[in-house]
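Right after this note come the structures.
Shared between the two complexes below is subunit A, which has subunit B as its partner in the first and subunit C in the second.
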Partner chain A sequence: MTAHTNSFGEFLKHVVLLFGAVIVLLPFYLMISYSLKSPAEIESNTGGLIGSQQIMTDRRCIKEGNPPEQCEMRPIVYNYTAAFKEAPLLRYMMNGVLVTVSIFLIQVVVALPCAYALAKLRFWGRDVVFGLVIFCLLIPVHAIALPLYIMLAKAGLTNTYAALVIPWTISVFGIFLMRQFFKTVPDDLIDAARMDGMSEFSIVWRVMLPTAIPALLAFGIFSIVAHWNDYYWPRVVITGDRDLMTPPLGLRMFKSDLDGNEYGPMMAATTVIVTPLVVAFLLAQRRFIEGITLTGMK
Partner chain B sequence: MFRSRAYFWFVAPAIILMIVILIAPVFVAAVLSFSDYNLGNPDFNWVGFKNYAALMKYSSYKKMFTASLFYVFLVVPISVGLGLGAALLISTLRFGGELYKAVFFLPVMATLLAMAIVWEFALHPVVGVVNDVLRSGCDIGWLHSLLTSSWLGFDPAQSWYGNACADDFPLWLGDKRYALGTIAFIGIWQAFGFNMVLYLAGLTSVPRELYNAAHMDGADSAWERFKLVTWPMLGPTHVFVVTITSIRSFQVFDTVEALTRGGPSKSTYVMVYAMFEKGVKQNLLGVGSALTVVFLAFVLILTITQVWFVNRRVHYA
Partner chain C sequence: MASITLRNISKSFGTTRVINNVNIDIVDGEFLTLVGPSGCGKSTTLRIIAGLEAQSAGDVEIDGKVVNEIRPSRRDLAMVFQSYALYPHLNVYQNLATPLMLRDLDFWERFPLVGALLPGRKPKVQALNAVVREVAETLKIEHLLDRKPGQLSGGQRQRVALGRAMVRKPAAFLMDEPLSNLDAGLRVHMRAELAGLHRSLGTTFVYVTHDQAEALTMSTRMAVMMDGDMLQIGKPDEVYDDPQNLRVAEFIGSPQINVLPGESDAQGRVTCAGVSLVRNLKQTAGQNLSVGLRPEHLEYREKPAKDCFSGQLTYKENLGSDVYLHVALHDGAHNIIVRAQPHTADDISIGDTVSVGHVPGKALVFDSNGERLAMVASGKARKVA
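Let's turn to the complex of A and B:
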């Protein structure tokens, strides 16, 4: 093969991949573009990426009896302020952070000691417990959602933060992952800690936890991405109470409230919800890809 | 002494949570599937296999199984194929590979529900960008003749594109002939980057020497090298990617709930959405539980098949 055919091949590959990239990026481009443009520009598909940003009048603001000069603004300002005003977007975001962070912390508190015991302690029934973990790995979350919902409803817990968090407090996948990781930690390290008179409890949190940071980081990314983006479970257990809604659920409510002309604010809200994870991903691609492909093992 | 008992305090919380949160619900669903239980009404009756019989009998459940299977059969091969294709192209690039990888992985990260809403705008029949672009293609002579194959002498009116140009482009999510395909398109858009990453990892584990050996044996073309070395060496990755994509696409919910609600005329009435609609929205927990049991059975069959394949077929080393 000559260098000439090689670079032609390279060129062709780029053409194919670029075509794919355009399709993959299309909705991201549209989302940002719509969030910047005026309703008229959105409907006529004009104005390029950012639109002409001509001053527009907020009709709703006029209806509320404000003087017209207070209701004039640029489309970008209109879209983003409307997103935060019409939908309690800030509240949704706070809920999202609260729920995802609590889930992750509880998962670690439950899984880490269990994984340590399974990897490093000898006790009667250890293999049975590990077998139970493997068995639970087979149970898909969507399959147990309905009975869990019934159990939570019977306990009077639907429409609470608890309902959003409880089903995820146990991550058998986390236990499995941490156990595999702890298997690779040398026994000498633990023996030395025991010699120093550390209790098993402080071995878990002061010796094992620091060694497990890389695995925990990957697991944390996996867990946080999954629960920030989760729509199914919040949709099942939160009915109507807006104060408890997570970002995807809030966005869905926003969509059903629309009077058809509010694409701009809607896309502004979408952009705000999607951006944190996308930016974090772009900053730490390798870690994210590692963390999310972990699910592969599930 | 405390030390000898420490394991108990480490393991007990996890065991209790596993039993209450993961295992008990399976039994609850199995038991309730034989009843006409609903929330708010303390009395209920045992109805035997009536709920399961209903799943066999009514046409809406037939449509449900059709929609679910059709979705899986659309999304799995295409997203696995695109994932493999992208991985092969990217791994042989001289520059820019990391950039494409990041771009194709973006949909995996982004909130699916949010992106589904954006796709819905893009696919809007009147103001949407997709139909706008397709329509403008009709006026570009060479593109029109390329897409309608009229440059090969075919009649433009015989082709999909020619017809759509003459008439109008589809309503996509609003047309029962296109809705499931459109939902599947969004599923593929979202999933193939994930498969690509798994294949890229698989490709790095193919030993270089095998390519040299294949070359010595006269496998000169890229296609022959792929057929002889790459494809078989990716065996474990194939099994893994296909299973995980099947299970995930079987669980499709977000796009359906937000964009079509199972319609038009139940063409996108997939299983998890049916479970949600019957169980949560209509409070028919008996039927919902029966659906849950059937769904669980499907997923377990997929998983067990995977384990069987992994143990049997894919040990080359």
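Let's turn to the complex of A and C:
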């Protein structure tokens, strides 16, 4: 009897999970599928996942006056070359890497000492400071976007990398997450380091940082995903200079095309932009979950 | 090698006072144990010596110099922690080398990548490598040098923690309950080994434990602390045989000392549970006395006599070499524990009425505040002798 109800319960659980998986994965399926098919197949919604991959003619190429035989190619090749040709996708990706990596590194440099102080040092007003950190977690970015923009504009920093990086360098979420993790590090370890002659800063970098790798990876994924995918802030501070655009901004290049059926190249670009994140997540998956559940220690 | 002196040390956390005016002179080269029940302030005292905790009042002196303002690492002390506190991300070799690296290499020589290129670094690293190997050999952990602490057993971690303290050849070792995370057998083994290590190094050891057996077996002198007070300092057998305070007498010794209420008359003659002691008090102290009798100073008697306690046997605790008889006295309020030889204990069974005599001249008498009272042989006893 119990076995029966159990298996029914399992079945139900899996139905719900499958349903959820479909909702999450369907857009990805569509994205990959569109990035492989020809415009005609996309329009008529035929061709399954990868389309028939028949030789097609690039209309724009003909328009530009090239001989027809040079403009014939398979849809997959067309979509992906168009993605890189129509917008400087590589440039955008480089920008994305530069911005997200600098944000993450500076966040770590700021958050680790803060978290260490909040978790392990006794000083007057510590609880108030930690209260402020919690409070800052509640402030939505959009609420302070305008003042931030005005400040950056007054400093003459709009349309620079600095504008993309500076507002995110202090991550209260990072401070909070690392502080919670540091709380689990035994005090004896820190005292032992002090006896060995380490300064408080050495303790942060030589003792706390290596023990906090799982938490740091979790934070890293949160931070990198958030800033790689961020559309809002780059849209606010990058107003003219196309060379500074990050990948999500770059996607707009396709959207504003006059002939509306350029889904193929656009989806190809999206695929290229999303891939690094998916790969990074899959590689760090286990450490990521460890970090979130904070069971990485002992 | 160093002597350590604590002068009028007090410590409060907020309004809670954890150490009251403690004074100790730790002689160069001695093994001093701070012993007491948990929460008595002994670990805090050790941390104050180490400099990890600041005292609220008083001075810490090392070799005659006041070190109150000196950072822990500059006091030239090494500490072994109860949890061992090894760096989990470094292997055993690196764990042992870390204190030396921090002491002998300068900032740039320790810096990753850049450091390796500096010309002065290589001879220093070779020197510390030799020290690490030597210590590893002394502790028999050479084969573990490549392992991470997570891959070691409790006893092995303990050795590495000791090694990390030894590499610097510190002026004194501070140990905070280093054996309490080990299993019983290994703990007894490590006691002997630590005592041996102390003998061969000749360095001052300050050792904190709540285990009175560790204090009795290892130390040159032991200091008994309770509720932040230093109650008695002395050689282990002095503290055991001649406790100055009832709480010390109760804490040191296993099984615990038997304590019975007693009273004295005008001549200083003490009686407890109907039995008179052979010796008299030096000064009369009135009622409300406590008489302490250690289990080995009591003996099972086959026949009841005037100088015997009588009671009912409730439990026989057989330890193989000795048997401890738990006896409920006939006054109904007190239990005493009596040591007996296994062959004598064989004859009695639980529920029997037994008589218990005491070895004359061994009873310890305490006044109503728990302070020890001096005793002298009574005139009558002297005549008999």
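In this text, the second predicted complex is superposed on the first by the 252 of 298 C-alpha atoms of A that agree within 3 Å, B and C clash if a C-alpha of one lies under 4 Å from a C-alpha of the other, contacts with A are read in each partner's own complex, and residues count from 1 in each chain.
Throughout what follows, a contact is a pair of C-beta atoms (placed from the backbone, for glycine too) under 8 Å apart; a residue touches a chain by one contact, two chains touch by 3 or more.
Note that the structure is predicted; figures quoted are calculated from it, not measured.
Visitor: Going by the contact rule set out at the top, does A:Val204 touch subunit B (first), subunit C (second), both, or neither?
Guide: Only subunit B is touched by A:Val204; subunit C is not.
Visitor: Considering only the touch criterion stated at the top, classify A:Asp191 as touching first (subunit B), second (subunit C), both, or neither.
Guide: Touch partner of A:Asp191: subunit C, not subunit B.
Visitor: Under the stated touch criterion, which partner chain does A:Phe281 make contact with: subunit B (first), subunit C (second), both, or neither?
Guide: first
Visitor: For the overlaid complexes, name the partner, subunit B or subunit C, with more touching residues on subunit A.
Guide: B
Visitor: In the superposed arrangement, which partner chain does A:Gly20 touch: subunit B (first), subunit C (second), both, or neither?
Guide: First partner only.
Visitor: Could you look at A:Ala153 and tell me whether it touches subunit B, subunit C, both or neither (first, second, both, neither)?
Guide: It touches subunit B, and subunit C stays clear.
Visitor: Looking at A:Ile273 after the superposition, I want to know if it touches subunit B, subunit C, both of them or none. Which is it: first, second, both, neither?
Guide: First partner only, subunit B.
Visitor: Within their complex, state which residues of subunit C touch subunit A.
Guide: It comes out as residues 47, 50, 52, 71-73, 77-79, 81-90, 98-99, 102-103, 164.
Visitor: For the complex, which residues does subunit B have touching subunit A?
Guide: Interface residues on the subunit B side: 2-3, 6-11, 13-15, 17-18, 21-26, 28-29, 32, 37, 39, 82, 86, 89-90, 92-94, 96, 98, 100-115, 117-119, 121-122, 127, 129, 132, 189, 193-194, 197-198, 201, 240, 244, 247, 251, 253-254, 257-258, 272, 275-276, 279-280, 285, 288-289, 291-292, 295-296, 299-300, 303.
Visitor: Taking the complex as given, what residues does subunit A use to touch subunit B?
Guide: 10, 13-14, 16-17, 20-21, 23-28, 30-31, 34, 42-45, 110-111, 113-114, 116-118, 121, 123, 126, 129, 132-133, 136, 138-140, 142-151, 153-154, 166-167, 169-170, 172, 175, 199-201, 204, 225, 228-229, 231-232, 235-236, 247-248, 251-252, 255, 263, 266-267, 270, 273-274, 277-278, 281-282, 285, 288-289, 292-293, 295-296, 298
Visitor: Touching subunit C in the complex: which residues of subunit A?
Guide: Within the complex, subunit A touches subunit C at residues 186, 188-189, 191-198, 202, 207, 210-211.
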